[in-house]
Every structure is written in C-alpha cells, then in structure tokens.
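As written, the chain order gives the labels A, B, C and D, with residue 1 at the start of each chain.
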Amino acid sequence: MQTGGRTDLAVELKEGLQAGAECQNGMSCREEFHKHKNVHVSTVVISDEEAAKVMGKQIGTYITVEAPGLSGADEKRRRYVAEILAEKLLLLTGKTEGKSILVVGLGNREATPDALGPLTIDGLVVTRHLILELGASFREKYHLTSFFAVAAGVLAQTGMESGEMVKGIVNELKPDLVIAIDALAARSTGRLGTTVQLTDTGIYPGAGIGNNRQALNRATLGVPVIAVGVPTVVDAATIVQERIGQFLKKTGVSEEEWNRFCDETGNGEQKALFVTPKGIDELVHQAGDTIADAINMCFCKELV
Amino acid sequence: MQTGGRTDLAVELKEGLQAGAECQNGMSCREEFHKHKNVHVSTVVISDEEAAKVMGKQIGTYITVEAPGLSGADEKRRRYVAEILAEKLLLLTGKTEGKSILVVGLGNREATPDALGPLTIDGLVVTRHLILELGASFREKYHLTSFFAVAAGVLAQTGMESGEMVKGIVNELKPDLVIAIDALAARSTGRLGTTVQLTDTGIYPGAGIGNNRQALNRATLGVPVIAVGVPTVVDAATIVQERIGQFLKKTGVSEEEWNRFCDETGNGEQKALFVTPKGIDELVHQAGDTIADAINMCFCKELV
Amino acid sequence: MQTGGRTDLAVELKEGLQAGAECQNGMSCREEFHKHKNVHVSTVVISDEEAAKVMGKQIGTYITVEAPGLSGADEKRRRYVAEILAEKLLLLTGKTEGKSILVVGLGNREATPDALGPLTIDGLVVTRHLILELGASFREKYHLTSFFAVAAGVLAQTGMESGEMVKGIVNELKPDLVIAIDALAARSTGRLGTTVQLTDTGIYPGAGIGNNRQALNRATLGVPVIAVGVPTVVDAATIVQERIGQFLKKTGVSEEEWNRFCDETGNGEQKALFVTPKGIDELVHQAGDTIADAINMCFCKELV
Amino acid sequence: MQTGGRTDLAVELKEGLQAGAECQNGMSCREEFHKHKNVHVSTVVISDEEAAKVMGKQIGTYITVEAPGLSGADEKRRRYVAEILAEKLLLLTGKTEGKSILVVGLGNREATPDALGPLTIDGLVVTRHLILELGASFREKYHLTSFFAVAAGVLAQTGMESGEMVKGIVNELKPDLVIAIDALAARSTGRLGTTVQLTDTGIYPGAGIGNNRQALNRATLGVPVIAVGVPTVVDAATIVQERIGQFLKKTGVSEEEWNRFCDETGNGEQKALFVTPKGIDELVHQAGDTIADAINMCFCKELV
C-alpha cells in the first residue's frame, strides 16, 4: 500500500493544478462520461519530461475510472464496471492472445485496507499451467493469454522486497508483461473504493527499508509493467488538511499561519496513521472481485 | 467496535475534566505505577448517579491498564502485561473456581481493527466441555473455572444482534458471569494498542440499527457482565479535532469559531471513517493473544 | 461431521436392502431422473415405526439429489443444481414467506472436509436484520422470508455442544424452522461431493462426549429441523470393506472368514481415520456455494 | 504433498527390507533413543548408487525423528521436540552464521493436510530484511543467519510450478541453501503427525502435470536443498493394503491371489483418495509450529 505521498492518483494531481488551468503542455487529457451508468473515465497522457516534472509523475498513460459501486454489494453493477475496466486495461496491454502475463498482487493479506492485491489474485482463473498441459490447440481454441499469478507477500513476513521476488520470477518465467495490483492512498475520502487507476508506468511499493525497496517497472523488470490500483486509505495528515482547509477558507484565517504551524510542529505520529471507511472489509473484497473479473475478461474470456 | 461516541475510555473522560479538578464527588480514583515495567493502572469507581451523569458513564468500576508493548512483538513483555491484566480481571470477577463463565468475542473477524474479540476467542483454552466429560474431580484437581466461549459474529453476516445471540446462550447455559471482549474507540491516537479497559458495567455494541441493538449488561442478560476492551481506532472527526485544538491554542484563534464552523458544516462523511495505525494487523493479533493469555491465567492456570 | 455410523445417507441404506427387494412396507419411494442434465432425485418417505427400525432411520422424508458437478468448477452446472435443490428444499419447508428461519452451519471451519456448514453460512444473504430495520413493506415488496444464520463452531473451540448453542438461540429468537447444514459420511467414495441429502428429521452431530451431545430436531428444539448434508468423507474402515468385498466376491473366499477376522481384531485406529478426495478444499467450497445459492433462492430470491 | 508413491519415508523403506537384514552395503544406519523423553532418531546415510537403487531413494542422509507429541497440544513437549529437530537440522546445514538461507513452504494452505508448508512459514521470524536494514553489526551481535521465506502456492492458484518460482527467487537472491517444508505420505497410519524426516537430498513435489514438475534439489537449484517433512496422509490404497495384509497372514490365503486381483482391477479411484486422522487441523497447525520453532532456534536463536 502506498501511503508515503499525499496521493497516488494522477487525477487528483490534475485537480490540484491552479483552477482554470487547462491540461498542461506535454500532456493530453480526455474525459468520457457514461451518464446513464454514472461512470467517469479520465485519461491523462504525460508525454514529456517537463510535464512529468510539473505533475510529479512518470511519463506514461494514466487512466482513472471513477465508478461508484465498483466495491459495492450490487453484483450487476460490479460486472458492468468490470467490463469497462477490461476495455481500458486492454488499451494499455494491447493484444495479448498467445502472450504470457504475470499478475502480481502486492500488499498484506492480513491488513484489511492493504489486502486488495492478494484478494484480487484469489479471484483469477490462471491459465498458464493449463496451456502447458493441454497444448497450443487448447490455447487457440479459447483464444487464451497464458497468465499466471503470485501474491508477493510483505517484507516482514518474507524477508524479501516484493520487487526482488518478482524480478526473480520474471527472469525465470519470462512473461511478456507484468500487471501489478495494489491498494493506493488518495487525497480525498470520496475516492475510497470508488476509483480505479490504471497506468503503464509501473508501481513503487510503499516506503520501507529505504533504497533496497525496488520499483516494479520496465527499468527494473525488463518488461512493461501495468499498475492497477484502488484507493483504500487516506493519510491521517491529509484528512486533517482537508477539513482545516475548509475552515480556513470559511473564516478567512490565512493559510500561511497553518502552514507555519505544520512546519513547526511536524505531522508527528499522524504519519503512522491511516484513515479508512468503516466497511473497509467488504470494500476491499468487492473491489478485488471486480478487478479479478476484469482481468479474467481480458485474458480468458471464453473460459469463465 | 464502538465508535459512535468520542471515546470509550473512562480514563480519557477523567482527563477531560477541568485541569486541577480532583476526582469528583461520588467517585474514587486510584493510580498505580509499576515504574520499572512502565505499566500504569488507573482505577475509577463511579458510585453515585450524579457522578455517573457528570462523567457520562454507568455506575461501576473502570480499570485502565496503560502498558506500551501489550500489542507489541516482545512476547516476554506481553506475558508480563497479561499477568497484570489477569490480576485486575480477578478483582472484577471475584473468586471464580467452580463457577461458570461465558466469554463473548464481539466484532467482525474480517475487519482488522474490529477483530479483537474473535481473535481473543481463538486464543482461549475453554474448559467447560472437559469438565462435563471428566467430572468434578478433574475440575477440583486443576482448580478450574468452567468457561466457554463464542465469537458472536456481526449483524450483516448473521442477521442477529450480538446481544440477542448472547442472551439466548446465557438463558440456555446459565453462566454465572459474562466477559465480553471488544475493540474500542479512543480519543487519543497514543492509546491505540497500548491500553486495556476493564469494567464491570457491561458493554454497548456500536451503533447499528437503532433500538434493536441491545446492550450486554446485567440488566439485559441477568448476570454480571465484565467488558474488556482495547482501543484500536480513533474517529476521523476526533483526530481532526486533536490537531486543530493544538493549532487554535497556539495561534490564539478562539475555539468558538471552530465549534460554530462544526455546528454549521457537520462532520459529514468523517463519521463513516476511522483512523488506525499502519501496523494494525499485528497490533490486533497480539493484543488478542495478550488478553487470551490473561483470561487463561485466571480460569485454567494449571492447565496451560 | 457425522462419521460415527457407516453411512448417513438413506439412499445407501436402501441400496443395502436385499437385491430385488421392493421399497419396504411403511415406506414410499420415488425416483426422478433429469436425463439430459444427469441429475437423479430419490425421495424416500419412512412412515411407520417398523420401517424406521428396518432402515435404522427416523420416520420422515429423505430426498437425495445425485448431481455430479454440484461441487465442481462449472458455475453454470452448479447454478442448475442449486435450482433443483431449492425446489426440493421448498418441498420440505412448505411456503415460508413471512416466516422466520434460522440456518445453522455445523462443523469445523478449520478442518477442510468438515467445513461445509460454516462455508455455506458465508454465502448466505441473511435478511432478518434488514426486515427489522426496513419494516413489513420491505419484506412484502420482495416476498422475503426472514432468515438469519449462525456457524455453531465446534466443542473444542467453544466448550459448548452445537445443540446447546442452537437451542439457546432458538428459544430467544423463535424461528419457525431451523435448517442445519453439515458434512456427512458416505459408504461409497463415488458419492463424495456429488450427492446432497435433504431430510425433515433433523440432525445428529458426530459422536463426541457421549450423552451430552444433543440432536438438532423437533424434539430438542421445539420447531421442525431440516437437515442438508453433502458427503465429504468415508470412514477408513468402510473403504477397506468396499475393496475387500470385491476381492472376496471375485475369489470366492467366504465373507464369514473376513467378518470373523474383523470381530477378532477390531477396526482399531481406523476409526480415527477418514478418507477424502485429493481436491477436498475446492469440493467443500463449491458445494457450500451451491447450497448457499439454493437457500438464497428459496428465501430471498428477489434480492439476489 | 507427496502422495504419488507408497511412502516418502526412508525409515519405512528400511523396515520393508527383509526381516533380519542388516543395514545394506553402501548404507550406514544409526539409532538413538531418548528413553525418558520417548523420542527415537534414526539416521540413514545412503552412500553409493547401488544402495540408492535398492532403497529407491537418492544418495544422501535421511534423519527420521519419531516423537509422539510433536503435533500435540502439549507445548512443553513440542518445545522439547523442536530442540531435537534444531540439533538434527544443524547436522545437515552445517554452520550457517553469516550465510543466507531461503525457507520454502510447499503445499496448499486451503487443503488442511497439505498446509504444513505454508503454516510453518507463518511461524518463522525472518531476518534477512532486518540484517539489510540494520547492518552487519546487528547480524554479528545476535549471531544471525540471514533467512527469508516464501509459501510457494499451488499450481492451480498460481499457474506456476513451485520449482519454477523457487528457481527464479534463488537465482535472484542467491541464498547459500534452501530448506523446503512439505507434508508427506506415509505407509503406516501410526506415523501421521508423529514423525519428521529431514534429508539433504531435496524434494520432489507431488505428481502434477508430468514433466513440467520440477524437483527442488541441488541439480535444479544450484544450491543444497534440505527437505523437512511430516507425514499427514496415507494413500487410501495403502490403508487397504495394510489391513488386507493382516487378513491374508492370519487366514493363510496366498498373497499372490491378492496381487493378481490388484493387477487385474487396478486401484481405480483410490488413487485420488487419501486418509487422514480426524484431528488433522490441529495436527497440521501444531506440527507447523514445532518445525517453525526448530528453524527459528537454528537461525535466530538470540532474537526469539
């Protein structure tokens, strides 16, 4: 789970730009709204270093699907959201039939808001071993992508960085592509469990033992890495900021005073705290199911 | 999990009294500090209705054990804390040998910060069935209390209030006493996983479907109910309040303005949010183990 | 899990009757075969004491659904089997709209072949609390039965017999009917995970601490009890018997000699052993899902 | 879990040799009996190809610790057994301080008798990441071995052979040694949960998709592989054989007739069945705890 920064969501960064600012130079931005289904898709492509610097994000494509209900109890709604996610995921992967893909679930199965990755893995219908056993004719008959999966565990349980383990597996089994699933941190509580971000820039697991922690991206793994994430937490410091911002605005107290106060006192223990909704357990299970459905639709549609 | 109110901890209410105020009329307060072990025990007895009203708590005894490490990785430390908890729990239960006790784990096993109750149940060495099978001589040989246990599940999974289920079991199996374990909400993040509250006033499960939700106390169950709780969450609204209080103090902005702002804007979605430490999964497992150890020490010391 | 006897399945007892024997006096027997779907339903009604004695079963109705695939990976097949199970279950419950039903999952969640009951409970969409909250109009709108559920746990973890706990809950919440789900023992390995038995005679949890162990039936609970079971194990002694029977038949060695050998040597440790298929984990999860689907179809069809 | 062959235990093979036969040429055999503790240790070293062929085992050392109670409820007893296991494990690993070791848990967490590997992993106190973070002085202070761990999952969930995943991790993280934990099949039901086999010959995961399935040994991984296993199942065919053998002996029926019968009829579905004790869930958890304790004693004694 990535809670080190203020937000993992490109769409929130864009919102943070000065009001009235258009999509920056070096970026292209596109919005789609499926009105009758209440699904909003925002696609931001950051195409040069300067824009990347301004946004504090890597060069690449960021697709944000805002779909209330993606982690809700209504299965039909989730199915519909999964179809849109599958469509967007295929935009990033390109045609995959006959290729080989490793899906990695990041995060800690034992810590509810961080369990998105492992729970998604549980819902996958992996096909690699079936294709090895039943052969090319089986693969062709069902137009399958060969895909396999691992829940990478967490440092304190394995003694390994996720990145180290995944790198070993990638070198040995040589997938054409890696898809990494992780829980994200958002800036706004309204996004928890309602937004999926898909990006082809890879993933940077939560701050850990410093420099040993490896990113999962093309540079480290040698193959493209698509990251799929759902915000499940907000930093405690962020939620304070959100509320106090409203207060300062309303009362006309200068923001500077607050900033000075923060500089002087630090955020202290708030850094070790996170904020989640009360129904986080269902939220994470259902978001995991939705993403697993989307992946299954992409890679073994005719089997499930 | 009880997050409806600002705090479930009597010791925090006491702190909230005007600075310099002594222990109120109608209350007795006692502090113990095991200095070399860094364990602090506060015992508050509320003995009349007026004090109960002032404190917003039931008449009864509240023992708060503050013991950093009670949910930590150091097993020796946890064992030591368990011994103190066992000693304090016996103050509330009185002599139990030969009696029968039902231990109830409240909360949702699937939601990490709310799993304290079920996880504690997992660690118990229940004896009732052994005593029924092996007879009084076995019970006498090991000086056992007959105790049995249930994880009550949660409304959305069972369709029953915890209180309804427990009442049925109490009426059928007629224990002399009920001990209920639950995760609590605290006002201060510093208390998360470091404090245990024991009280003989029973327990009031988190706000749910209104009046249907039953308390677990002598009035509803017909036998004394001892509640054992550990704070695992802070309301999101509380953490905002904590931080903003510091700011207002420092800057000299009047608190009234903030209160007016809150009255006008409400706490909105913050009510559905809670704040937990990042290592909440280990915290809850280890706190559950510590409490289970303490209960085992009380009731079947010679078996474990 | 019931492994004390040779078989929990009435249909197997019937098969055990002398070849050529018709359905006994005091019994009625009916067979249905859904040929194109490969589902076989056998209904045996034992209507007098004499037939009950001959069969070694209680007076009542036993419906056995033999449906290869009920615990398989094919979801469509499982859905189809669930529809047949729902239809048969409704034969035993009668019309339930507006009534109240408690579903009890028996067995040990931690022991794979015995986890059928708890896993079925996990898949239910309970409605009692919703009806209490949203009122009669909600119940009427969706033609709901008020149903609630409990996984009763096992003696070694709770210190209570399942029967004791359920009796307490029944007395407190007064359902009109109890449905108990349990894993069964079969005589034939071919039945494991392919057969569901439904009966209105209640259930007799596995042999335990002797007389303390209570049946779940109308006599003990005061309301009708429908038992739903799937064989997940065969006694080790049974599988030996199955194989050796074939051998004796083939070689013409007299069965008497084998029986004498068994009388002399006993079954020893084989009594503490059971036999399961290698894929028992999927089998139990998928059988639990199928039964949960069937129950949801019966009682809250318009909600799921 | 290895159930393909009749037995995974070298000690059972030895017993299978003709009565009166001494330890074979090309083998050395040693027995130790801790009488007052009721622990029996048998060490068999197979040192040449011919003996290996006779025994149907690889050249190497096989240590079998028979210790009733190793998977029992008595924690003191388990602790004692763990100490003996640690001592024997160190005989196979040699001095490990300052070296790096990967512990692999094989098997399926969801299938009770096969969960020994993953459950053992849960109990380990891994140190690799701590040493990387805190440096050599930390390692030296506590005389640590750097060890890390992975539960390899199963083919149907990951789409990868355990051997493929482990090979990738070994190539990337370059441990000096691998220790693989797995549930075994025994020939005798008396050994279930009472015996640990340690060997330096590696491990051959259960039969799966044929040739794709890789052994974990020095040849495949490039580093020594020590296998630690506990029998948790007996093949159904074996238990039939065990019982029928007694019968044939007693009645004087020729074994040939039985063997001919088996050849003609095959073992059919019995191959897909296994036999476990009724308390398999506790057995596997407690055996896993015992082995984890033994490993922790070997590699981070001063930390736990």
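As a working rule, contacts are C-beta pairs under 8 Å (C-beta built on N, C-alpha and C of every residue); 3 or more make two chains touch, one makes a residue touch a chain.
The shown structure was predicted, so the numbers you read here are calculated from the model rather than taken from an experiment.
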| item | value |
| --- | --- |
| Any chain in contact with subunit A as well as subunit B | none |
| Of all other chains, the one whose Cα centre sits farthest from subunit B | D |
| Intercentroid distance (Cα basis), subunit D paired with subunit A, Å | 40 |
| Length of the line joining the C-alpha centres of subunit C and subunit D, rounded to whole Å | 36 |
| Separation of subunit A from subunit C, taking each centre as the mean of its C-alpha atoms, in whole Å | 44 |
| Shared interface positions of subunit D, touching two or more other chains | none |
| Pairwise touch network: line, ring, star, complete, or other | ring |
| Those chain pairs that satisfy the touch definition | A-B, A-D, B-C, C-D |
| Contact set on subunit D toward subunit C in their complex | 3, 108, 110-113, 189-190, 234, 236, 239-240, 243-244, 246-247, 250-251, 253, 257-258, 261, 265, 269-270, 272-278, 280-281, 285 |
| Residue ranges of subunit C touching subunit B (in the complex, touch as defined) | 121-122, 126-130, 132-133, 146-151, 153, 155-161, 164-165, 167-173, 209-210, 212 |
